[in-house]
Amino acid sequence: MTEAQMQMNEPEAHFGEGESAARRETGPVILDLKNISLSFGGVRALTDISFDVRQHEIRAIIGPNGAGKSSMLNVINGVYRPQQGQITYRGEVRKNMDCHAAAKSGIARTFQNIALFKGMTVLDNIMTGRNLKMKSNFLMQALYWGPARREEIAHRIKAEEIIDFLEIQAIRKTPVGRLPYGLQKRVELGRALAAEPEILLLDEPMAGMNVEEKQDMCRFILDVNDQFGTTIVLIEHDMGVVMDISDRVVVLDYGKKIGDGTPDEVRCNQDVINAYLGVACS
Amino acid sequence: QPAEQYIALPSYRVGPYAAGGSGFYGGIIDYFNLVNLSGGVNGVKISWEECETEYNPSRGVECYERLKTKNGGATLVEPLSTGVAYGILDRLAVDKIPMTMIGYGRSDAANGKVFPYVFPLITSYWNQAAAMIKYLGDKEGGMAKLKGKKIVHLYHDSAFGKEPLPVLEALSKQYGFELIKIPVTPPGSEQQSQWLQIRQAKPDHVILWGWGSMNAVAIKTAQRNGFPREKILGVWWAGSEEDTVPTGDAAKGYSAMTFNTPGNYPVMDEIRKKLYDAGKGNMADSTRIGSVYHMRGVSAAILWVEAMRTAQEKFGKGKRITGEQMRWGLENLNVDEARQKSIGAFGMLPVVKTSCDDHEGSGAVKVQQWDGKKWNAITPNWIVGDKALTRKLLEESSAAYAAEKKITPACIK
Amino acid sequence: MTPYLSVNNVEVIYDHVILVLKGVSLQVPQGKIVALLGANGAGKSTTLKTISTLLRGERGDVTKGEVQFKGERIDQLTPNELVRRGLSQVMEGRHCFGHLTIEENLLTGAYTRSTSRSELKASLEKVYHYFPRLRERRSSQAGYTSGGEQQMCAIGRALMAKPSMILLDEPSMGIAPQIVEEIFGIVKDLNSKENVSFLLAEQNTSIALRYADFGYILENGRVVMEGAAADLSCNEDVKEFYLGVSGAGRKSFRDMKFYRRRKRWLA
Amino acid sequence: MNFFFEVLIGGLLSGVMYALVAIGFVLIYKASGVFNFAQGAMVYFAALTCVGVMDKLGVSLWIALPITVAAMIVLGLAIERVVLRPLVNQPEITLFMATIGLAFFIEGLAQLMFGAQVRKLELPIEDVPSQYLMEHYNILVSQFDIMAAAVCGLLVTSLALLFSKTKVGRALRAVADDHQAALAVGIPLQRIWAVLWAVAGIVALVAGLLWGARNGVQFALTFVALKALPVLILGGFTSMPGAIAGGLIIGASEKLAEVYIGPMVGGGIEGWFPYVLALLFLLVRPEGLFGEKIIRRI
Amino acid sequence: MLYREAGQFKTSYQADGQIFPIMQDRIALLALLAVAIVFVPLLASPYVLSAILIPFLIFSLAAIGLNILTGYAGQLSLGTAAFMAVGAFASYNFILRIPGLPVLVAFILGGLSAALVGIAFGLPSLRIRGFYLAAATLATQFFVVWCLTKIPYLTNYSTSGVITAQPIVILGYNFDTPDRKYLLVLAVVAVMALLAKNMIRSNVGRSWMAVRDMDVAAEVIGFRLMRTKLLAFAVSSFYCGVAGALYAYAYLGTVEPEAYNLDLSFRILFMIIIGGVGSVLGSFLGAAFIVLLPVLLNVVAHSLALPTSVASNLELMVFGALIIFFLIVEPHGLARLWQIGKEKLRLWPFPH
């Protein structure tokens, strides 16, 4: 019903009103999820959810706590296997993703409860993001000689670019466990970026930051999106951020989709207001 | 300052085998003290140093290396641990320090041509095994009666427990008894299944080839399963107070091999009187004087002191002898009954007479039985098994070792 | 009036070498809500952990200064003793007991109270009333609940101890906006009805200053500014850096400028 | 067939003896997340203290027992104060390591106080086949084992109740999950740990008495911990009933394997068989039969 | 003011990726190596060489092996000695059965055999974690030793299951004296430590640490859990295998399988925990600590002239107490202590 309508409406909605949308070009659908259902024992985390992500867009997922947002990301990159549904990624249809395959085909992500490698330095964490691009075998690495060494240095250069980009030069050799929360989030973003992903899934990247830091973070996200054309799927509870930077928004509640559209549409959707926003649109 | 004869004692007084270690080394040191009280060996005092090995090979090697150069160089070493003994085996010939292995270690080391510096004195595992079968045969009323009998070899599943297998197997073939081999995984604190198997097999005899805590458990488990202890015959490492006391009454009637005749001897009295009554005894617990391990230690020390005497006779009375000379003394040892009498240990150990071919020097053992309070010898005479057989095995095995190590067997003059 | 809680010139070193707090002093008067603001890594959490003596477990040392609660020094007490005296902390990063169910988590919160079963039940009901979502998930293991649910659980757990002073470390993190409002509503509620004092470290400055009576701004381990909440929210720098509004009103996150002016207090 | 049952029953009862030691492990692991390698040493310490007191003071078992209980309580308090308190919130492996150090210390202490020699311990119940069962069912079971099983059952039931039904039990489980958070909600970690280790000491005493009466009080008692490990992983580190179930399974199958498979491969498989069996179980259930699931969520 | 990073600018990532980025460290290490190669064999007594330095180096190597598995890849293992045993017995058999096989090649083959066994026993680690895995690795320990006592072929049908290491002859040169053995062991350990350092600073090392710190995240990033864990098992076992072979050939000489018992596994584990989990330097420090401490205690106890049984028990108690003491002072081991010391030195003379 409404869901189908919304999907039909999407293109117009997209290029219709809303200054941000009008200004931005987005490509064809790159990721398409159909009728995803996921439950854990008795808990239904996701019920029959469908939505798509277009190339180069910033797609936000919002919803109350426990709505299933993180679970959705987990389905997209293969941490959870949905009981039902189908995922189409770059034209390929699959029942579910597998973590490694997802990573390989260009899906990177950050986590809600920071999942950095605590015992490693910032630089090493970011370097792990590049692991799929490393080719030399471990014997060469053990000898640290010839191609292996050249490769290591080439990747190091990439990693340094990301460090510069995220402005975390000063902490490159610090073990991440010691960093304050906000910087850890930034490093995690760096690790995801290091993979040069096509789609970047961000789970509450701005939680626990003050406005100034959020502004920085937004700038990074927008820059990545602009400069590298990376598609971004974003979960965030700060409505200011969501409304300002996203192109389209999906709203989940209790595992069901209750809204989908441009920020402005969503903001004025009565279901969404009741379930999540609490304030009517002005 | 008069020269001292220095002996290295890599001992162990903590850990799972501490009970044996403290008794054995206690005996050695008690006897040394006794000798020193009466002026030493022709005036040469004995000195020694201990080092805790915890029965652990790598610590044992370190101890050996540390002790060997002290006090002008060690002239004898005794680790009372197979693992440690193996760890230092190769170093002995280089360092020219003889090592005794009293009642343990590789049996083929008795071949002095291949192992010039190793002395498995008194008796080896192979001779023990042969003697055990001899004893069982006699008990049955002649070796021929062994035919068709069932003998279980319940053994510590390690190099130690497997050592007698060639002898037992050969004898089983020769006399036609059935040999059932049942291993116990070290440390052997649970033996229910083994004893159920034994009960099922209804053997005529059980040889208990155990070490450490395994022995008490075996005896206890035999009792739990209603297996008569009279049918169990332990090795000498399963025949001490430490093995029977903890079992309470369960060990009554259990017998085991020994190379010391239980009982009292003038030398032990002297130790009691001159050392313990004067508060100079080595063992914390004076009730253990004359216990199996203690007496074993005293016996070891007696043999060493006799070896010193022998060597001094050749190389100069009243002089400190070197390791090489000590080796010679050990190789030309002759502790006969007269000698034993003069020491005050007549009958306490068998007559020991060594040569280049025979670093063991005896091969005789006795059987003792536990009466609930103490051990009593039940064979009046020393038992010697089929020595021809063990000799043959010894030649073969030491030849193989020599080949592997590229040693040309020869006696050292 | 002696402050309810006062922190005097505290210096904290982690791992023997990392100096984090460089002489922080602050006061919380009885029955007031005090906000502790500051950028990431400023030392807010460290300050709170210093007060609740939880630093010891993280190899942090208080090398100078003292903390007083109700007029007594508390820096040498155990956390258990503090909770008994009415000082509870909600730790940053949730810290729920993963293998316990939500309800069991809440019940552990009441460990220090020796109350009747019915009173306990009433407290539990109150928490469920505040966070209906928890009631639904009461019998799931906390380790499997969503981030926000865990956050609610952690707050609820602290409430179960019936404290007279609560240290809240980023209560709004990861919580849906509606609930954030509710949480602060609860804070206000407890504060006015039950006279509970609060010290809250918060990144959501606008809401924190809205509810707080007083605020401190921490940067690099030093208090750089303090004042009544209303005054702080009028300060130009606070407005720009913590509230995201400057002269021309709120700016979109989309058009942030790349270079910013230096904060005045750094001058 | 009768033989089969004898082996089976013998195995089950040995399993109970293993479980007795495993309970001490579970107690501490479940309540503090510490993998207590010193449990074996505590068993030895307890048994040796008991017989040592009897010997040195010349008193009967009934007087030595309360003295030993007191000693175990003191030991528990000391361990908390000296070892655990400074190590709050440290990684599991560090705590594990500390308990190994503790094991050395306790072993040395016990031998220092009472000497290294092997002693006997006689309980009022004798370790001989039960006549009754022998006559009526023609099955050979030691009456000692029957008592051990009863004691074990009692311990497990009461401790399981403690964990599942009481406030302290809940607090203990909370501590195991997160030391820091447990402190924050006001759980008096230190007091709880002290009590807990004291209780574990008493459990060790029970195990020590039974094992000591069976095998003699000697250093090798510290090794019974090795027998308890496969029981633990099979049953689950965090489950009291798991300790019993694991014990029974391990005991029975290891005996059956030794008797029926052992002879085919040269015997002596009891050393590794329980571990391999437990390993196979774990492949199916990585947290053991009754252990709590390890939560891996991101 | 001697120990300063300031002023040492890195102009290339290559320079920054060095094992010891600070120059003073590099100089110190080179000096240490020079001393170890030139002066130690000249000056040290045979006792120090053969009873302290050789076992210290061998244990360091085994500790590096275990550290790769436990410290870097996060898989707690109690089966180290078993892998060492495989290395030793395999080397023995290779030399015995392939005439003319160079000893070093035999060591490598021994290490590879250990690696194979390591992979086989590492398979369960894909499902089993933490202490469950640790307890399960005991299966390796007991099973391997059991096999060695049960399969006569492996011990060349020696009646008691004891093997005697063949003489170490490399290119006609016989390594039979303590100083020669020492140099050989030193060379092997130095090279392998370097290789380990290299692995750890490149992608393999990062993959291990990632799996250790958070395996789910590692998988999401694209590391293959199975490959990473098994590689860790293989490399670790290889190191332990070579160490085990050296233990037999350069230290004990004649060995029974029991020499590789659980006790040894624990000693190696102590080394890495005391030294520092996840640190190559820590492996050395820990090995030194565990090798030297008992000797030291023993010497001290003797000089106090205590009754021997009291001394032995006190030694044990002090050893246990010191382990606890060090853990309390620095749970991350001696390596961290060292590092903090260096950081302090860097700040010196200012306290912070």
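Note that the chains take the letters A, B, C, D and E in the order they are written out, and that residue 1 is the start of every chain.
Just so it is clear, a residue touches a chain if its C-beta (ideal position, glycine included) is under 8 Å from a C-beta of that chain, and two chains touch if they have at least 3 such contacts.
Values in this document were obtained by computation on a predicted structure and should not be read as measured data.
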Chain pair with more C-beta contacts, C-E versus A-C
A-C
Going by C-alpha centroids, which chain is farthest from chain E? Tell me that one.
C
Rounded Å distance, chain B centre to chain C centre (Cα mean):
73
Whole-Å distance, C-alpha centre of chain B to that of chain E, is 36
What's the distance between the Cα centroids of chain D and chain E, rounded to whole Å?
32
What residues in chain B touch two or more of the other chains?
13-14, 18, 22, 157, 185-186, 284
Which parts of chain A, given as residue numbers and ranges, touch two or more other chains?
79, 111-113, 115
Among the residues of chain D, pick out those that touch two or more other chains and give their numbers.
107-108, 111, 115-116, 266, 268-269, 271, 298
Chain D partner, complex, touching residues on chain C are 52, 54, 56-58, 78-80, 82-84, 88-91, 95-100, 104-105, 107-109, 111-112, 141, 143-144, 157-158, 161
Chain E - residues contacting chain D, complex
70, 76, 124, 127-132, 134-136, 138-139, 142-143, 145-146, 149-150, 214-217, 220, 262, 266, 269-270, 273-274, 277, 309-310, 313-317, 319-324, 327-328, 331
Footprint of chain B on chain E - complex, ascending:
45-47, 50-52, 55, 142, 146, 149, 156, 158-162, 164, 166-167, 247, 251-259, 263-264, 291, 294-295, 298, 302, 307-309, 311-313, 315-316
State the interface residues of chain C toward chain E in the complex, per the touch definition above.
13, 15-17, 19
Write out the stretch or stretches of chain B touching chain D in their complex.
13-19, 21-23, 157, 181-187, 189-190, 192-194, 196-197, 200, 212-213, 216-217, 220, 223-226, 242-243, 245-248, 250, 284-285, 288
